[in-house]
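First chain A sits with chain B, and in the next complex the same chain sits with chain C.
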Partner chain A sequence: MTNFLSGYSIQKWLESCPQGYLEDTVYGHEAGEKEPEGLFDNELLREGQIRSTCNLVLGERAALAASSGLVNCAPDYKSKTFLATQTLDEARHVEIFTQRLFDLGVSPADLEDTLNEFGNPHLVKFAEVLLEKVDKGDFVAGVVGQNIVLEGMAFSVFEMLHAGAQEDNPKFAHTLSGTIADERRHVGFGENRIGALIKQYPEKKAECERMQAEMSGHMLATFASAFKEGEASNEEARRLQKEQGKESHAMYHGVDLAQADTAEMEAVLADTVLKEFKTRLGRIGLEYQSPIAA
Partner chain B sequence: MAEWQDPHKLTEGEFLDQVHSFEFWFGTVEGYLHDRPYGFDAETEEIEMDDRRKDGLITTLCNYCIGETAALEASSGMIAFAPDRASKIFLSTQVADEGRHLEVLLHRLSMLGVRDPEREIEARANKSLLRFKERLLEFVDSRDWEAAVFAQNVILESLEFTVFRTHAQNADPITKQILQGIVIDERRHMGFGENDLGRRLILAPHTHDRLDRIKRELDSLVLTTFKQTLGELGLEGDEAPDLASDYLGAVARLGF
Partner chain C sequence: MNDTLINQPAGEDRPRQMYVLEETGFKEVPKKFRRFYRKWGGPSDTLAPNEVLCPVCKIVIRSLQELRVGDKVYCMPCMSRLIVQEEGGRLVARVNY
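Coming up: the complex of A and B.
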C-alpha cells in the first residue's frame, strides 16, 4: 500500500497538476480564450450552456463536500494527504465552472438563484446518498461513492462534453481537459486504495453495492431529464450550423454527437458510465448492481 | 495565471472572492514551492547531528505532525459549514497546505531514520497538544464556525507560526527551509482567520466574550506546549525565546 500511495502524494500532485497541466492556465483554460460570440446572440443556446454548467457546479460542490468530509475518517496519513489534494481539485472545479457561469453572463448576485432554477433535482438526490455516508464517517462507502461512482460519472460526462466542445468552444474544452486529468487521478486512488479495504472489511460489500445501485438510479434519472431539457438547445445549435453551412462531427464512443438524437446521446452516455462502473467495481471486489429506479 | 484587478477598485465581496480563490493560492505558492521537492532545495546537505539533538528534533517534528494533522482534519471538516463559497474555496486551499505540511514533515522524519512515523508520533505525543486537537475537533464537530475559526486559524496557526519561525532560526539547514515554507502558509491562514473574525466581531461584539473564554481555556494548553517544545529543542533558561509573548501578541491583534 505504501508504494502505491506514494504515487498520490502532494509532491506528485504539485508537480503534475499546478506545476504541470495547469501551468499558464487561467480558470483552467488558456489566457484570452472566450466563449463563442454566437452564444451571446442566441438566448436558447446561452441558456442551454448555463443549464449544463449549473449541473457541473452542483456535482462539484457535492464532490468538494464529500472529499473534505472524508479527510477526517481516512485511516492513514497518506490517504489523508491524497484527499487534501482531491479537496483542492474539487474546489478548483467549483471555481472554474462558477467562473464559466459568470462568463456566460450570470451575475454573482444571481448565482444561487440560477443554480436553484437550473439545478437537476435528481443530481441533488444522487449527492444526498453519498453525503449521508460521509456524514456518518463511513470511509469505505464514502470512497466507493465518491471516487468510483461520482467521479466515474463525472469523468464520462466531462469526456462527452469535451468531445462536443473541441471544435466549437476551445475555451470550454480546455477547461474540461484539466478536470478530466484530475478525475482520472481520483478514480485511480479510489480503485487502488479501496480494493484493500474491501478485502479487510468484507462486511461492507453489501452496503456499498446497495449505495451504487441507488446512486446509479438517480444518475440515470439525471441524464434523462438533462437530455430532455437540453433538446431544444441542441436542435438550435444544429439548425444554426446548417444555416451557416458548417459541418461538424464530434465523436464519442462511436456516436456522432453532432448528428445523433438526444435518445442516442443519452443511451451512449448511460451505457458508457455503467460499463465503467462494472469494470471498476469488479477491480475492487464489488459486484455491480442494476440501478434502482429513482 | 489570472491577472488580478487593482484591489482598490474592488468591492469588499469581490476582494474576498479574489484572495480566497484557488487561482490566488496557486499564484502565491508557485513562488516558494517550485523546485523545492518536499519543501527544500534538493542540493542542501544534511549536517552532522549528535544523538541527543537528533532525538530532540524527532520528538519536535512528531509533535508538529500532530499540530498539522489537527489543522488538516479541522480545516477539511470546516468546509461543510463554512458560511459562503469563497470561504469553502479558501479552506480547501488550506486543506492542501496542511496536507503538504504533514507530508513534508513525515518525509523529514523518514530522512532522520524514523521507519514507522505513525507509531513514533503516538509514542512521542505531547499531551497538551493532543488535548488541544481534541477541543478543536469538538468545535468542528459541533459546526461552531466562530469557535472553530478562532481555535484553528487564530490560536493554532499563531502557535505554529510562533514556534516554527523561532525554530527555523536555530534549525539545521533542511529543517529550516521546510519550516520557512510552512510559515509563509501559516501567515496566509492567520490572515483569513483575523479577517473573518474581525468582521464578525464588528457585527456581533458579544461574540468577543465567548471567544475570550475559549482563548483562556486553550492558552494553558498552548503555553505548556511551548515549554515542552523549547525543552526538546534544547532552548531552555534565560536563552529561551519568549514564545508566550510572541503568541499573545499575535492573538492580541484581534483584541484578545
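Coming up: the complex of A and C.
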C-alpha cells in the first residue's frame, strides 16, 4: 500500500472540487437560488440568520489564518500541497458566508462592524488558542487544533445547520453541502497526518491534549451563548410555522430540531462534537481531556 | 482506481460475491468514482456485504466485491486508507496510519 500522502495533489483537488461538486455553483449554491422571502419581512428572523452567519465567517477566517500559517511549517511538500488546497477551501468558505451576509442585507461597508457586533467572543478566544500554536510554527499542535478540533467542530455544526435548512432554505443548505464535503478532506488529513506524526513525536501529546481541553472549553461557551442569543429567533420561526400550518421535522442525531428547545439543541450538538473528539483523538493516540471551563 | 478494494489477503479458499454498483447521488468525488460511495443514513442504515463505513468522514465505501476481514480499502472523500476488521459480528474499517 502506498503512503497516504501520495493522494494529495492539486490535480486531485481540482477534479474533486472545482470540476466536481462545485461545478456550476455560484457562491456555493445553485444559480438563481435566493434566501426565503419571509426572512426579509421579519427583522427578528433576519437578525438571527445574520448572527449565526457572522460566527461562520469568523470561524472560517480563523481556519484560513491557521491553514495558511501551517503551510510554512509543514515538514514535507505533500503536506504543504494539501494545506495549500485547504487554504483555498477556507478562503472560499470565508467568501461564501460573507456573501450570505450581503444577501441578507448587510452592506459591504458595514461588514466589519456587523462581525464585531454579532461575533461571539468565546469563538474568538477558541481561535486565539489555535493561532498561538500556528504562530510558533508548531505543526503537530497546529494540525491537531485546526484539522481535528476546529474542523471536527465545524463538521458537526455544518451538519446540524444543514439538517435545519434542508426544507426551509435550499440555498443555504446547498452552500453548506459543499463546505461539508471540504471538511471531510480536512479531517481526513488531520487524522492521517497526525496519526503518523504523533508516533514520531510522542513528547507532543501532553501539549496537544492541553490545547484540546482549552479549545473545547471555549467551544462549549460559544455554543451556550450562541444558542441563548438565537432563542428568540428560533421561537419566532416556530411561531410563524405554526401560524402558516407548516410542519417540519428536521432530524439531527435523533433530535427533531423543529420541536426541540434550544437547551436540547445545544446539548445534542455539544455531545456529538465531544464524542467525535474523543473517538478521533483516541484513534491517533491522544487522550481526550475534559473541557477547561472558559 | 478500479475499485475501492485496493488490496486483499492472499490465499482465499472461497470465491467472493461480485456486485454491480449504481449511482447513489453522491457527488463529492470525481464522476467516474461516484458509484463507489454513498451517504450514510445513520445507525439504522444496514450495510451490504460489499460496504463498509469510513470512521473518519462517515461515508459508506462500496466495492465491486464482497468485503472481508483484512481487506484494504480507500476512502476518496477523506483520502483515508483503511483496513477491514470484524467487531461484534459486523465489518468495520480502521484507519491505517
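We take it that the second predicted complex is superposed on the first by the 292 of 294 C-alpha atoms of A that agree within 3 Å, B and C clash if a C-alpha of one lies under 4 Å from a C-alpha of the other, contacts with A are read in each partner's own complex, and residues count from 1 in each chain.
The working rule: a residue touches a chain if its C-beta (ideal position, glycine included) is under 8 Å from a C-beta of that chain, and two chains touch if they have at least 3 such contacts.
Predicted model only: the values in this text are computed from it and were never measured.
Partners chain B and chain C, once the complexes are superposed on chain A, both fit on it without clashing. Shared-chain residue A:Gln19: touches chain B and chain C both.
When the shared chain is aligned, no partner comes close enough to touch A:Pro170: not chain B, not chain C. By the touch criterion defined above, A:Ala65 reaches chain B but does not reach chain C. With chain A used for the fit, chain A forms the apex of an angle whose arms reach the C-alpha centres of chain B and chain C; rounded to a multiple of 10, it measures 90°. Once the two complexes are laid over each other on the shared chain, residue contacts for A:Tyr27 go to chain B alone; chain C is not touched.
In the superposition on chain A, A:Thr87 contacts chain B only, with no contact to chain C. In the superposition on chain A, A:Gly38 makes contact with neither chain B nor chain C.
Shared-chain residue A:Lys199: touches chain C; no touch with chain B. In the superposed model, B is the one of chain B and chain C that contacts more residues of chain A. Taking all C-alpha atoms of chain B against all those of chain C in the superposed arrangement, the shortest distance found is 12 Å.
With the contact threshold set out at the top, residues 15, 19 of chain A are in contact with chain B in one structure and with chain C in the other.
Put simply, chain A touches chain B in their complex at residues 9-11, 14-15, 18-19, 22, 24, 26-27, 64-65, 68-69, 71-72, 76-77, 80-81, 83-85, 87-88, 90-92, 94-95, 98, 108. Residue ranges of chain C in contact with chain A, taken from their complex: 6-7, 27-31, 42, 55-57, 59, 72, 75-81, 95-97.
Chain B contributes residues 1-2, 13, 17, 21-23, 26, 29-30, 33-34, 37-38, 69, 72-73, 76-77, 79-80, 85, 88-89, 91-93, 95-96, 98-100, 102-103, 106, 117-118, 137 to its touches with chain A in the complex. Against chain C, the residues of chain A that register as touching in their complex are 1, 4, 7-8, 15-16, 19-21, 181, 184-185, 187-189, 191-192, 195-196, 199, 253, 279-280, 283-284.
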